[in-house]
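Next up, some structures in structure tokens.
Consider the two complexes below, in which chain A is the common component and chain B and chain C are the respective partners.
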Partner chain A sequence: MKLTWLYRSFKTDLDLIEQELERAVSSNSELVNNASHQLLKAGGKRIRPVFVLLSAKFGEYRIDRIKNIALALELIHTASLVHDDVIDEADMRRGLPTINYLWDDRVAMYTGDYILARSLEYMTNITDPLAHKVLSRAIVELVTGEIDQIKDKYRFDQTLRDYLRRIKRKTALLIAVSCELGAIAGQTPPDIYKRLYKFGYFIGMSYQITDDILDFVSTEEELGKPAGDDLRQGNITLPALYAMRYPLVKAEIEKVNRDTGKDVMSKIIQQIIETGAIEQSHQLSRRYLDKALAVLEELPDSRAKKPLKEIANYIGKRKY
Partner chain B sequence: MARRIYDQKADSIKELIQKKMYHHFLFEHIESPIIDEDRILMLLIVMEEADVSDKKAESSAASAMLVQIALDIHDQVSKEQKSLTERQLSVLAGDFFSGLYYLLLAEIEDIQLIRTLANAIKKINEYKTTVYQLAGQDPDTFMASFKGIGTTVIKDFCRHFQAERYNPLFMEFLFLKKLLAEMDKFQEGRFSILFEGLKKFYLPQMYSTTPLSHLSRRDQHFLKEVCTNYIDQCKKNLKEESARISGLPDIFLERVEQLSNQYKHIAT
Partner chain C sequence: MKLTWLYRSFKTDLDLIEQELERAVSSNSELVNNASHQLLKAGGKRIRPVFVLLSAKFGEYRIDRIKNIALALELIHTASLVHDDVIDEADMRRGLPTINYLWDDRVAMYTGDYILARSLEYMTNITDPLAHKVLSRAIVELVTGEIDQIKDKYRFDQTLRDYLRRIKRKTALLIAVSCELGAIAGQTPPDIYKRLYKFGYFIGMSYQITDDILDFVSTEEELGKPAGDDLRQGNITLPALYAMRYPLVKAEIEKVNRDTGKDVMSKIIQQIIETGAIEQSHQLSRRYLDKALAVLEELPDSRAKKPLKEIANYIGKRKY
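Then we have the complex of A and B:
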């Protein structure tokens, strides 16, 4: 099943978001304009706008208001990707060259800042101060998480708790906040938007764990980068953490550095798989997904429930 | 307002900014950002006229400063930085300070100022790309963008608080300060984007062939002369503007005087 099929019931609104995104990144500067449109060309799953729209359906669904949140969150996500590519010195994203590769770091910095400013402009169409408090706290926490990720690079003695906190900030937080803000924009009562935050948080955790598993088990063609690249970059993800419970495997993992070659990495990946770490990681991802589905059950009836459940299950089963 | 009160308020804003942006790991790896006290003074002058509480005035000024600091730190991101970690953390520091500006204003529920400053950030990044590419049809367009980079936050802040009468004065002050800093960079043999632009527009035959440091002494002197003309014009404007506005605090007039005396016209 493809995401586009899952999105079928609200395609009109998503098309509107897509058109507005084009407008949002248009600029008087030809360079910013070209760079921003290069980003949009690469597409993306638009998972955050989808969660905003669906969560708003638990309240008063007014697309003219809700679209501002959906756009703001997608733009924040996009801006963070542009800056992440500078941080990671990445050449490619979603099969297309990155802005820092096509132009340079400086242009990527300016484009990212421009897009972030645009996102805040859209947000200010929302007059509820609560929405701004929620989003601004999330942005600060998200960046703090990225700083911690750099601090934790090649730190092989980190705990499961360190990892979970990192992926919360890296991925789960923005998805959780997408759900929460969609519901706030839909003017739902607090018990609804708080539950939707939890739903998004659990989904986000499951999503990132699956992403971290795929980094070890997918092919270079599927990933657009060599398998095990996260570990090579010093990011200790869940499969590696589980596998390090075995001293011999731990000793091998601890030798990994930026220059570790593909052959060595293949052997290490094989060792990680043999410890059962992939399966254990899948189990934890599944547990988060089950928690998300349980939260969904507690929510009042809405036409958003079915698509949210379908998307949750899609996330649990995705292969790349 | 008495000088002592200005100093106290400026210290309090500076302290708030430092407290908000402190992050142990970050400041272990990047240089502590410079908090421009002249800008704080300008913001205080504006806030003195605004009908807002002290807390709101402090948060508003601190958030405008955070925006400027975030923008400035992103200008330092380059492959020339000492290490990859320093470069990575410069990216994140800018994002962190931007997030703090939003958080600070969200906490005081000033959504309109969030919008004003977001709009300023947007324009500044457009100016930055124009300057970075050395784009523009003529030196005037280039210089207007160059000026816009350093002045738009204060300009839009003044407009937001209906204190536009200060705009020409503050803009000339900040422009002069920036021109002087670029002149220093050029004289010390460091990279100067302003002088790259001047070379493009005033020595077009040398634009793509000769790096600034390899220009003949005559050509280097010529570019300094061009920059000095901008400095002189800016000083003149600044003098006129400070005379035009009544009731400016002595502390600011002294700064205008100091800055204006910082550089004398070079001998031709």
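Then we have the complex of A and C:
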């Protein structure tokens, strides 16, 4: 589902960004063109552009300046998704078949490369050197996060800290940077954009933890892929980490591999739920959300505060 | 072989760049670290940094400013090689096993992503917005060239124009941009850096055609992979295009696929040679080289002219 109901007042600007995204991923290679548009469709809620626009409202809102940052960020995110799906050997994303499934890993690799390259083109339209530094650093962290994810696959002895650092790099940082750069594009003073960075970071952490919970507790229909798929792919997320504090449950979880069937998986999910790990994960997600809301309170009054709060609360409550 | 004998006076600066490259590709992931260093070793002659340094000599040579451009370009090139090898299912590069062969396609994809991300970090140190535009555009073209290469694989009815556009994007443009950006970093006036762009473009075209010839006429020992490998992978290069003007040879070439054995391939290579296609290809390479040398003549006097001419002549004569 899209978050458009939250920000009617941004409809024109979000539509503009959507059209520009379509144009950005177009290619004279039919293959890449089809793959990119497929990917854009599956790309989801456009929360990064939304955060850019809302954060810019704390300063001087000029869509021509903000647009390039929103586009660059959404394209970076989209490029990372397609490479992610290769790493995870994912067949489905949000109910749609992945590029690597519809074509193959190599097409997915090159489609991702192409979209990343297009995002760099939008970056060149950004004149602020600070914005460049922030964006490049975010790309390095994003890729490092992916590499960590590969390293940590099926590594059942990882710590909570490993997990948190991974989701920071994988998700929270790009959302933090969306908020920060929106504010920078709006030419707010440093104390504003630094706070918005923090807000985005906390929201991003909460968001990813919720995502990781939903992978266990949603239905296949809601997820567009089987429940427990993260664990099957070797991605050890928060509910599994909490549940593994119980040696018997840990022993079961450690047996999981790519060939684990649905019946076995639903038994393991049941065991995880019974440890209270889902509830504990919700609590940590909620703690990050409360921190985000606290940071938001400290920010000066702006028309953007209410929708940001609504998004935060939506993230806390979303079911899929 | 490295070109170091050509430019003793640059030894200190080239050593500096080499060390910085080593540092740039280092990663706390042992896997990525090993893969990146393996790749750097196989990366070749560092001709892009050499062109950056030499071109900067036409203006104000300041290594601190030039360095970032040389590093960004060499890292972009290195990242493109590893993704190339995935596309081509290449086992060997310059006598060393490829990342996709030593590990797998996914490790190669992520190692390439990581190296590209690091190159973006060096780009952020570049303050000139023109340099950013040129670099980003070059990355888009490079990726587009790769996509063209996938599209054109085993497409035996392609034209000379298809081939030339492909090698422009794949090779010539990055060398052209190395020369252009070196000059821009040296703060030369536009007529100088535009000429150096042209010089690099012509050199790059000549260089790639020579490369494509060598793939047919060098020995396996010299190439570090079997002769005729480009054609086996479906990459239709200039000698094959020329030879296909003869219908009987064309019929033989069209039968080539990934499973074509060495004996059949060496018969086909012999047929290609007999059409005069190698000689014709040498002529076109030579024409580009002459154009490069003519552009060089028009450039103002500089200590860099002689080594640039030597490199041009080396490229015209190189045997592997």
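Rule of thumb we're sticking to: the second predicted complex is superposed on the first by the 317 of 320 C-alpha atoms of A that agree within 3 Å, B and C clash if a C-alpha of one lies under 4 Å from a C-alpha of the other, contacts with A are read in each partner's own complex, and residues count from 1 in each chain.
Basically, a contact is a pair of C-beta atoms (placed from the backbone, for glycine too) under 8 Å apart; a residue touches a chain by one contact, two chains touch by 3 or more.
Bear in mind that the values here come from a model prediction, so they are computed numbers and not experimental data.
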item	value
Three-chain arrangement built on chain A, chain B and chain C clash or fit	clash
First, second, both or neither for A:Ile311, with chain B first and chain C second	neither
Touching partner for A:Glu121 - first (chain B), second (chain C), both, neither	both
Which superposed partner A:Leu21 touches (first chain B, second chain C, both, neither)	neither
Contacts of A:Leu238 with chain B and chain C, given as first, second, both or neither	neither
Chain B versus chain C as contact partner of A:Leu164, first or second or both or neither	neither
Partner chain(s) touched by A:Ile87 [first = chain B, second = chain C, both, neither]	both
Common ground on chain A, meaning residues reached by chain C in one complex and by chain B in the other	27, 29, 31-32, 83, 86-87, 105-107, 109-110, 113-114, 116-118, 120-121, 123-124, 127, 129, 132-133, 136-137, 139-140, 142-144, 146-148, 150-151
In the complex, chain C residues that touch chain A	27, 29, 31-32, 83, 86-87, 105-107, 109-110, 113-114, 116-118, 120-121, 123-124, 127, 129, 132-133, 136-137, 139-140, 142-144, 146-148, 150-151
Interface residues, chain B side, partner chain A - complex	23, 25-26, 70-71, 74-75, 77-79, 84-85, 87-89, 91-92, 94-96, 98-100, 102-103, 105-107, 109, 111-112, 114-115, 118-119, 121-122, 125-126, 128-130, 132-133, 135
Chain A residues within the chain B interface of the complex	27-29, 31-32, 80, 83, 86-87, 89, 105-107, 109-111, 113-114, 116-118, 120-121, 123-124, 126-127, 129, 132-133, 135-137, 139-140, 142-144, 146-148, 150-151
